[in-house]
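Structure first, then comments.
Naming follows writing order (A, B, C and D), and every chain is counted from residue 1.
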Amino acid sequence: MSIATDVEPSFLESENTLASWLFTKDHKRIALLFFASITFFFFIGGFAATLIRLHLANPEGLLQPAMYNRMFTMHGIVMVWFFLIPSIPTTLGNFFIPMMIGAHDLAFPRVNLGSWYVFNLSGLVLLYALIMGGIDTGWTFYTPLSTNYASGYVFAAAMAVFVNGFSSIMTALNFVVTIHRLRAPGMTWMRLPLFVWGIYAVSLVMLTATPVLAMDTMLLAVERFLGVGMFDPTRGGDPILWQHMFWFYSHPAVYIMILPAMGMVSELITCYARRPIFGYAGMTMAMMAIAIVSFFVWAHHMFVAGISVYSAIVFSLLTFFVAVPSAIKVFNWTVSLHKGVISLDAPMLYALGFVLLFTIGGVTGLMVATLAVDVPVHDTYFVIAHFHYIMVGGTVSAFFGGLHYWWPKMTGRHYPELWARFAAILTFVGFNLTFFPQFILGYLGMPRRYYTYPAEWQPWNLLSSAGASILAVAYVLPLVYLGWSLLYGRRAEGNPWRATGLEWQTPSPPPKHNFETTPVVTTSPYAYNPEDGSYVTQDGTAYA
Amino acid sequence: MPSAAATLKPEIQFATLDQQGETAQLGIWVFLATETLFFGALIFTYYIYRMSYPEQIAHAAKDAVLWCGSVNIGLLLTSSLTMVLAINAAAQGRRRELVFWLVATVALGVIFLGVKGYEYYLDYKDHVVPAANYVEKPGEGPAGEMFWVFYFVATGLHAIHLSTGIGLVLYMLWRVSRGEITPAYYAPLEVVGLYWSFVDVVWLFLYPSIYLVGRS
Amino acid sequence: MKVDAKEAGALPFVIAWLLMVGLVGLSVWTAFLPIGVWSPIIEFTVAAAQTATIFILFMRLKGPPSLKWLAAGTGFFWLLFLYGLSMTDYTTRSSWPS
Amino acid sequence: MYRWVPFWPNTASLQGVVVNNLFIAELALCVLIVGSVLAMMATFVIRYRRGSAASRGELVHKTWHWEIVWTVGTLVAFLVLFGWGAGIYVWLYQAPKGDIEIYAVAKQWMWKFQHPGGQGEIDTLHVPVGKTIRVVLASQDVIHSFYIPEFRIKHDVVPGTNQVVWFTPDKPGTYRIECTQFCGVQHATMIGNVFVMPQAAYAQWLANQGENESLAQQGEALFRTYGCSGCHGANSTVHAPSLDGLYGSLVHLQDGSVRRADEAYIRDCILTPRSFTVAGYPPVMPDFSGQISEGDVMKLIAYIQSLSSRNTRNVDSH
């Protein structure tokens, strides 16, 4: 086997024409293609965010009101559909799911490649809408503002979201089928790494939520394009129906963002604490529970929107139920540090940052789930801060953690550890400085989507803007040093972190079809022994 | 034997052709689940409005051309039959029969679209096409127009799905002519058959929703 | 009667097809009877029966891989969430319809 | 209260105080949770850092015991919070009869208020302290949201329906009214002020607004202009339901359902009468949707309301 490994070139080197990348069926290459796409959109969305924070540094602002409105709309749409939702699944998931379950590729490689093309197609449609002048409806497209009043390219933007959904569905379908059908011998469900569970749960949510949004945007586009009534109250329509269907998708979408991050962090904590995860079965059940219960809570975005009081009570109660599995997970991650051998490498710093920020986002989620408290803070900066703690503090931290963790495997090069730790700490500091003041602003009563505000709120806004500039540096920094490491980084061996997952039992970077022979799995995923530092990889090899 | 079948190997990620075929089937079923939700959401909006404006929408729905919808449900049920017979013929290696049933399936699909087109023409003459020539009828109010928006969105999407299905069956005919569909491996045809029958199922629910409820 | 593709004859499918076409007739007939809420109930029971026939027989839901059941059911099951939970709002909202 | 905390908003209504207490309780719980997670994490990271000599033997393994304790504990805490919040919410969103009923129309990008005595204001609202104020909200175009941070009340204003919010200001002063639902380019400027005045000053202010036809009187005039009185009037020969005493009563509809005749109901009946045919009456009333502005609808509602309050309570007393 070792001879064969020497002979077969890595997936990066096996063939390097443009066509070999654009028409590749290799999940690892497709993952890198996705990487390029979502990095591009991350910086577009980040650019808009930077402008927003610059603008809000003082009440007079920087941009014209109409331009400001277009900026936050663009920030929302790009970040939600073109970065956060695809981020972990299409890149890290695409690259590592087959490797972690011991498969040679995803079940449907052509569908996988198609997903990337569809994603870029929807991205082009969105860019067209943005370049032609953008839209000013907010990413939620609430009717009748979006259908009858907003100027701009609402139709094109809605179509971009519609087409983007196909990409989500294609990717998710691939994962579900692959995880069901292509696990290596011995890889039972209770031996799956938690990242695989996270991706499985998220795929389930994507598959069942996205079609409803697709139909909703479809009807919106029809109404906007043809000028017929569907959600228009003057023609008998119900604007709140748009919101019901929108949030039927967009609430689970929050879990689409966070579930893979939860899986990711479980990998990181076990590897850098060198001990098994505390309560593996509980973790898997919690993730599946979150995936399913996330569909029962959508109307908590609508407590003040004019739904019936009875309905609001039902949804509030259900929302508290979805918080229980999240609480279990936080508890388990924390206890997983107990009696470990903890090294604070960059991925672990990101993971610990994730747990803290997710906890803050989670407990403030309890506050907005409480009906009476949601009444004053709904649609204020309190909610903005809350969901950024989950999506940016949570998902983006986990994404960066995973990116660093697997960087040697993906590229065959080590990232510079000191710089990476610095960036991780900077992210944490910058993030809190940006978003914590927004909790205060929110309870003081600053509504979201305001291009100007009373002068008395300026100190908090200024603080937030200052934090945002730190955060911007912390996000650009990895781009620089990771890029540098591609050329000058130290060569990485197969398993530099001495981790147990199957993906590490290949050379770095892995060969084209991952494994020479299909591995046979004999152990649970995190067979680390903190007492003597030994560990057993999933294919059964024991190391001292 | 055609050489394609003799040299047929599973793709790298599969151990056997059987595993590959079954995985493809599972894939299309998962896809059909998303389609269920897609059309289900449309029917959901329809019934929300129908609940709110029962009389007005029932009034508008009486103008839908019942015979067209009924003929079409017959055509689609029949096409599901021809499709399954085609799959049986493929599995049992009866190639002439296979081609015959596939052509029949395409023909039924095309006739369906023809009838649908004629129905649209009748609708147009009846002035019920929103955004084109809609004229509000007494007793219907704005809800009447909402019915017709639903009608055109639903039947239009269904027609797009059916046209895709026709394209896929034609593609299968092409693959049959190249000898790629054999008793050893006919999973692609099964996948197309599943999709085709599902498009039929969608119509089974659209049909009573549009043409039957509230007729009496 | 064999229904597996490898050995099935046409007969079971033709019988099922005849049944389903007959059910369409039943549906249309009851649509014109003055039986109030029963007529949509019958119409949708017919649709469900036809769907079950097509799923189980024509689309061979019984065969391997067994997970097909799960996938086929999930779509309908999830629709229940959408329909059911929305009804908590639509059946109790006082200002609807306007 | 709480003014010594630089980041705490003022609280100026009964509702504000009630919500605030819950908010503080939740905040304390949040600090407790985040604090314990942080403390545990910090302890473990320091104690079990790589190279430390702390014993790693006997990992806590079999976990159901802990999991169940932790899960049930959080669940109980959550249920308490839920119940507390839901109780207040029901109270906030089921407006009682107010001392003063204000009609508000939101449109891009302003708030238009009308007092029962017919006085109109734009982007300002004068109310007396200590009275229960009911605000009936309608929107002319898109969804807006009526929010007064100091009162801790908010409600979306959805076009096509009426919504009601209520509050009892308990401190004189000037507070901001904000729109919190993005409503177009000038969303951020859709800000008004509510002036909470001592009752004497409020009476003075009302008197200074000059002679006005009351809202109900204006509604009565519209009642004739739109031809409503032809059928609903006392001497009409058409078989139409009488509107005396309608407001607040229970109405039996043709389809068997029963509705409370509140503002939203009356509005619906005017705009789409066919959906609300009253039991025992022919469905002959024409559809007024799209033909009456939101402001006029509100005046008509005020008039119909006054038909019942003549007997039960005296609207014009304040």
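Keep in mind that, in the parts below, a contact is a pair of C-beta atoms (placed from the backbone, for glycine too) under 8 Å apart; a residue touches a chain by one contact, two chains touch by 3 or more.
Keep in mind it's a predicted model, so treat the numbers as computed, not measured.
Engineer: Whose C-alpha centre lies nearest the centre of all protein C-alpha atoms?
Structural biologist: Smallest centre-to-centre distance to the global C-alpha mean: chain A.
Engineer: Determine which of the two chain pairs, B-D or C-D, is joined by the larger number of C-beta pairs in contact.
Structural biologist: C-D
Engineer: Using Cα averages as centroids, what's the distance between chain B and chain D in whole Å?
Structural biologist: Going by mean C-alpha positions, chain B sits 47 Å from chain D.
Engineer: Quick one: report the Å distance separating chain C from chain D, using the average Cα coordinate of each chain.
Structural biologist: 43
Engineer: Suppose each chain is reduced to the average of its Cα coordinates; what separation in Å results between chain A and chain D?
Structural biologist: Comparing mean C-alpha positions, chain D is 36 Å from chain A.
Engineer: Two or more other chains touching the same residue: where does that happen in chain B?
Structural biologist: Residues 22-23, 26, 30, 33-37, 40-41, 44, 48, 52-53, 141-142 of chain B each touch two or more of the other chains.
Engineer: Can you pull out the residues of chain C that are in contact with at least two other chains?
Structural biologist: 65, 67, 74-75, 78, 82, 86, 94-98
Engineer: Can you tell me which residues of chain A touch two or more of the remaining chains?
Structural biologist: Within chain A, residues 180-181, 207-208, 212, 233-234, 236, 238, 240, 245, 248, 306, 309 contact more than one other chain.
Engineer: Could you draw the chains as nodes, link the ones that touch, and say if you get a line, ring, star, complete or other?
Structural biologist: Contact map by chain: complete.
Engineer: Tell me, which parts of chain A touch chain C in their complex?
Structural biologist: 180-181, 207-208, 212, 233, 236, 238, 240, 244-245, 248, 295-296, 298-299, 306-311, 314-315
Engineer: Can you name the residues of chain B that touch chain C in the complex?
Structural biologist: 22-23, 25-26, 29-30, 32-37, 40-41, 44, 48, 51-53, 66, 70, 73-74, 77-78, 80-81, 83-85, 87-88, 90-92, 183, 190, 193-194, 197-198, 200-201, 204-205, 207-208, 211-216
Engineer: Using the touch definition up top, name the residues of chain B that touch chain D in the complex.
Structural biologist: 52-53, 55-56, 139, 141-142
Engineer: Mind pulling up the chain D residues that touch chain A in the complex?
Structural biologist: Listed in rising order, the residues are 7-9, 18-19, 22-23, 26-27, 29-30, 33-34, 37-38, 40-41, 44-45, 48-50, 54-60, 63, 66-67, 70-71, 74-75, 78-79, 81-82, 84-90, 92-94, 108, 141-143, 145, 147, 149-150, 152-156, 158-161, 163, 176, 178-189, 272, 289-290.
Engineer: Which bits of chain A are touching chain B when the two form their complex?
Structural biologist: 98, 103-109, 111, 169, 173-174, 176-177, 180-182, 207-208, 210-212, 214-216, 218-219, 222-223, 226-230, 234-238, 241, 245, 248, 513, 518
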